[in-house]
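Take a look at the structure below.
When the chains are written out, they are named A, B, C and D in that same order, and each has its own residue count from 1.
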Amino acid sequence: GADLATYCLMLGDDALVLSQRLAEWCSRAPELEEDIALANMALDLLGQARLLLARAAAADPAVVPALPSGSPVPAEDALAFFRDAGQFRNVRLAEVPNGDFAHVVVRLLLFSTARLATLDALRASVDTVLAAVAAKGVKELTYHRDWAGRWFVTLAQGTEESRRRLLGALDSSWPLRAELVTAHPVERSLPGVAADQSAVAGQVDAVLDQVLAVAGVDRPGKAPLAGVGGRTGRDGRHTEHLSRLLAEMQSVARAHPTGRW
Amino acid sequence: MELQEKFDAVIAHHDRIEPRDWMPDGYRRTLIRQIAQHAHSEIIGMQPEGNWIGRAPSLRRKAILLAKVQDEAGHGLYLYSACETLGISRDELVELLLSGKQKYSSIFNYPTLSYADVGTIGWLVDGAAICNQVPLCRTSYGPYGRAMIRICKEESFHQRQGYELLRTMMSGTEEQRAMVQESVDRFWWPSLMMFGPPDTESPNSAQSMAWGIKRNSNDELRQKFVDMTVPQADALGVTLPDPALTWNDERGHYDFGEPDWAELTAVIRGDGPCNAQRLAHRRAAHDDGAWVREAALAFRAHEDGTAPVVHDAADAFGDRS
Amino acid sequence: GADLATYCLMLGDDALVLSQRLAEWCSRAPELEEDIALANMALDLLGQARLLLARAAAADPAVVPALPSGSPVPAEDALAFFRDAGQFRNVRLAEVPNGDFAHVVVRLLLFSTARLATLDALRASVDTVLAAVAAKGVKELTYHRDWAGRWFVTLAQGTEESRRRLLGALDSSWPLRAELVTAHPVERSLPGVAADQSAVAGQVDAVLDQVLAVAGVDRPGKAPLAGVGGRTGRDGRHTEHLSRLLAEMQSVARAHPTGRW
Amino acid sequence: MELQEKFDAVIAHHDRIEPRDWMPDGYRRTLIRQIAQHAHSEIIGMQPEGNWIGRAPSLRRKAILLAKVQDEAGHGLYLYSACETLGISRDELVELLLSGKQKYSSIFNYPTLSYADVGTIGWLVDGAAICNQVPLCRTSYGPYGRAMIRICKEESFHQRQGYELLRTMMSGTEEQRAMVQESVDRFWWPSLMMFGPPDTESPNSAQSMAWGIKRNSNDELRQKFVDMTVPQADALGVTLPDPALTWNDERGHYDFGEPDWAELTAVIRGDGPCNAQRLAHRRAAHDDGAWVREAALAFRAHEDGTAPVVHDAADAFGDRS
């Protein structure tokens, strides 16, 4: 149960944390249509996060933080609002601050190509809950990837300014990509349940190369962002940004640990 | 005057005027102003509630709130589209908002100070908006009326969600109940002001009613809102902050106190607690997005013939929706 | 006791909240010298806040939030870290986000001219604690005001860009000024203890007019920022920014309500 | 070679070289590189600790931390001044930092992930810095040595404060003790790496020692740090994350494991967890401040004769310090 719970937290925290960042765009996008699209993607990921956190809690109740007795807070919320940064298992790509519109496009491209391939593989998981979440998620992620790919090409071939910004965003986000497709011991311990990241990595590379080619953009040569003592977000070692994100996200829930919402 | 007569007949029959129909200039101008103001209100209205998306205290509430604010963006879109049928572009409308030449609902110039405000805005502010808007579903201009039908349906849903949040909070801790009461205290009077000045002070109303743009007077709608809301407040267990509020058996309505009309005038003039903040936020988003809009335009121009490589790119992905 | 406690919270929260904003400049100022100066002013205000919050707690222990039994958190920290936004009594000028360097100069000019005059008057308070805090604070605030005045004139007469930014900052901050010098019922209820704001307002105006004249800048005509239902920061009705500031400031303390630091 | 002989004699007597004295080019270049790197480290070092000022969990700790980070800015100032005596300007030095041509201590390329890190940085990082820096108080270049005396005094104070924070946290809750241990686990190895590569891999060390710039080898200082720290860790009640750590009676020192030198190389190369973030933060601050520095220059130019009104202005306030 513990490994499955951790795996669900990895997938769930990715979705939750990126959803939080995407929602920050709300009322700030370049066009109303994009404001709606970004909110839509945030909602899709939030929905996935809820199912995955609930699955984590069911797989191993020990992962759910203890709350004051009588607290009506459901497991999904205990996990979202009462864990500290070091207990989150998301990739660091999901947590870094938003930057400009080019950054959201690049982040979504990198993130959704990887997550789409993962969910696609997970449809065959022997865990029926994961398989169901994946089946629904594939449709959502296909839209996310297409949106990001479209905008990636548009910005790459739009104006000089948009290309400059896009390349800057790609350069700064690229080192965060590896974590998405690097197999983690937890995944390897769950054959048949977790997606096989080595297969995923190949697919993701192929899709990215296609988008880069269409956009006329070279694949960046930057090395993956180092972990700390060899550990990364997947192990709970994050950037300095996650604890700030959580300070905001968790503030109301933590001020009312026995509240009903 | 055949055109005018035909127009008058449509109005008299409570039928719809459609975009290609002839209409008097004043009618067109009034409609543009009203629909634009309504659209701007949806867009600016994203801010006070959007302020709490990042801090929603449960994932379920976060999803509800985010979806609601997204709906507001969608309402803004329909309404800008409806307004465009009158011969003005969205760009022009946005410019009129950003330059302060067109207004938006004054209610959004109040700050949201606790999560209870999300519920209160749903219950009182959306509630007042619905009272204002339901009659607009029968407004004389077709595209506006049809947009309002869709919007009203969604707004009713939002109102129920807001009320449900408050009801849940009232079943929670002492602090949560106090939070709800404090929020209602702040939003009650501004909600009453959403119906506009008293009929005696509302100069444009008569013409709008004659044109079938407006169907009820400000004071009628305000009374309807109060009558509808008082029992809901009782059911919720909150006190509306008006000592004059009392049932009048003779009138068959609630009597209520006079809002601070000087405050409304000040907020409309631009001197409310958040006017500057709301417009600055909108302007910043607009300015920050300029390079993206330019890139999209340039890309579309390439696509329209000059750069075949780019055309391939457009085919590589599904439709942008 | 209750009025005195509220008065101390007004003065203390002004200092605490502005100190928090000034500290955000740390490692971000245009020159090392200004980084040090801003940290210095943040430290001065933080020192004043600590004494004033402690005085508030002594004057009326009921203002101190209750903590779990056995919590070692001292009163100053209970007040700083365990009150919600609506219980803070600071002026809204102290809480709005930083903006650029012109904004910090304008905010400090408006804030420190008013606080200097207030503390100057408070030296004669019959409350010996307040009188002592004021005596020390006058020296500190004189430096703050001089720093802000210097930079105000420098930016006003530096380059076109600096003048444009300065005027923009002045324009947006000016509506927040009135709250600093408007007499509050709590002050009026403490004759001999609290400073007489009507006298303060006159002095502050004279100083500001002098600075504006030297800088060659017109006094803005903007109306004071409205309260909500007639209430302002002094009554606990703030801008949307304060609760976000507190979410960050209080996050660690609230995660460990029985922690020792 | 009279100048060279005089220089050599000063070095041989452990006296100080002063700015106006003749010195070999290599000595000057080495000093500039080392002092600049040290100055840059103070400035970049403000970031990891500054990250927690806004979230310090008590007002006392907030004041201590803010004052400490302010001291680091002050150290940066002294050191830039010392460096300027060698004929290079602060602007040039800043440019060398921002362009990545000069380095800063690799320790600041690790993130701070909890408030315990504030204590750990004080205890281990400042502790290691002091081991490195105390001998530099006797370094052969006068301005550098004198700056180091002042800096070391303040650093010792910071180290005691850091240790005291950890001790207090260890007397707190279970969660706080775990936080301290987790922090020590992360910072132990990077602290050991602060002494640089092993002596066998340290190419510039011999010349620096001959010139009296450096007084001890990397490995000597590392050993000293370990010997000093182990009993402190015991007193604190934390475990240092090195199974090889054990007292060697024969050597009279602690034996310890080998740090991951490949990690050090990667971090120095620019591929540490925070290199890009730290430089981007510094660059953003520098760029955002450009208009202010220009305004100050323009204002000073006015003051120097062309604009008498402005001169009045300068007199109206006390000295800018």
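Here are a few things to note about the model shown:
Simple rule for what comes next: contacts are C-beta pairs under 8 Å (C-beta built on N, C-alpha and C of every residue); 3 or more make two chains touch, one makes a residue touch a chain.
Protein identities per chain, from UniProt: B, D = 1,2-phenylacetyl-CoA epoxidase subunit A.
What you see is a predicted model; the values in this text were computed from it and never measured.
Once the centre of each chain is set as its mean CA position, chain A and chain C turn out to be 40 Å apart. Our note on geometry: chain B versus chain C, Cα centroid distance of 36 Å, whole angstroms.
Separating the CA-averaged centres of chain B and chain D is a span of 56 Å.
Multi-chain contact residues of chain A (touching two or more other chains) are listed as 243, 247-248, 251. Shown for chain B are the residues that touch two or more other chains, namely 55. Interchain contacts give a graph that is no line, ring or star and is not complete, per the touch definition above. Going by the touch rule set out above, the chain pairs that meet are A-B, A-C, A-D, B-C, C-D. Those residues of chain B that touch chain A in the shared complex are 43, 46-47, 50, 52-63, 66-67, 69-70, 73-74, 76-77, 80, 115, 165, 168-169, 171-173, 175-176, 281, 284-285, 288-299, 302, 307, 309-310, 312-314, 316-318, 320-321. Contacts from chain A toward chain C in the complex involve residues 84, 243-244, 246-248, 250-251, 254-255.
By the touch rule above, chain A contacts chain B in their complex via residues 16, 20, 23-24, 26-37, 39-40, 42-43, 46-47, 49-50, 53, 73-74, 76-77, 80-81, 100-101, 142-143, 146-147, 149-150, 153-155, 157-159, 161-162, 165, 210-211, 214-216, 248-249, 251-253, 256, 258-261.
Put simply, chain C touches chain B in their complex at residues 85-86, 172, 175, 223, 225-229, 237-240, 243, 247. Contact residues on chain B toward chain C in their complex (touch as defined above): 48, 51, 55, 110-114, 182, 185-186, 189, 263, 266-267, 271-274, 276-277, 280.
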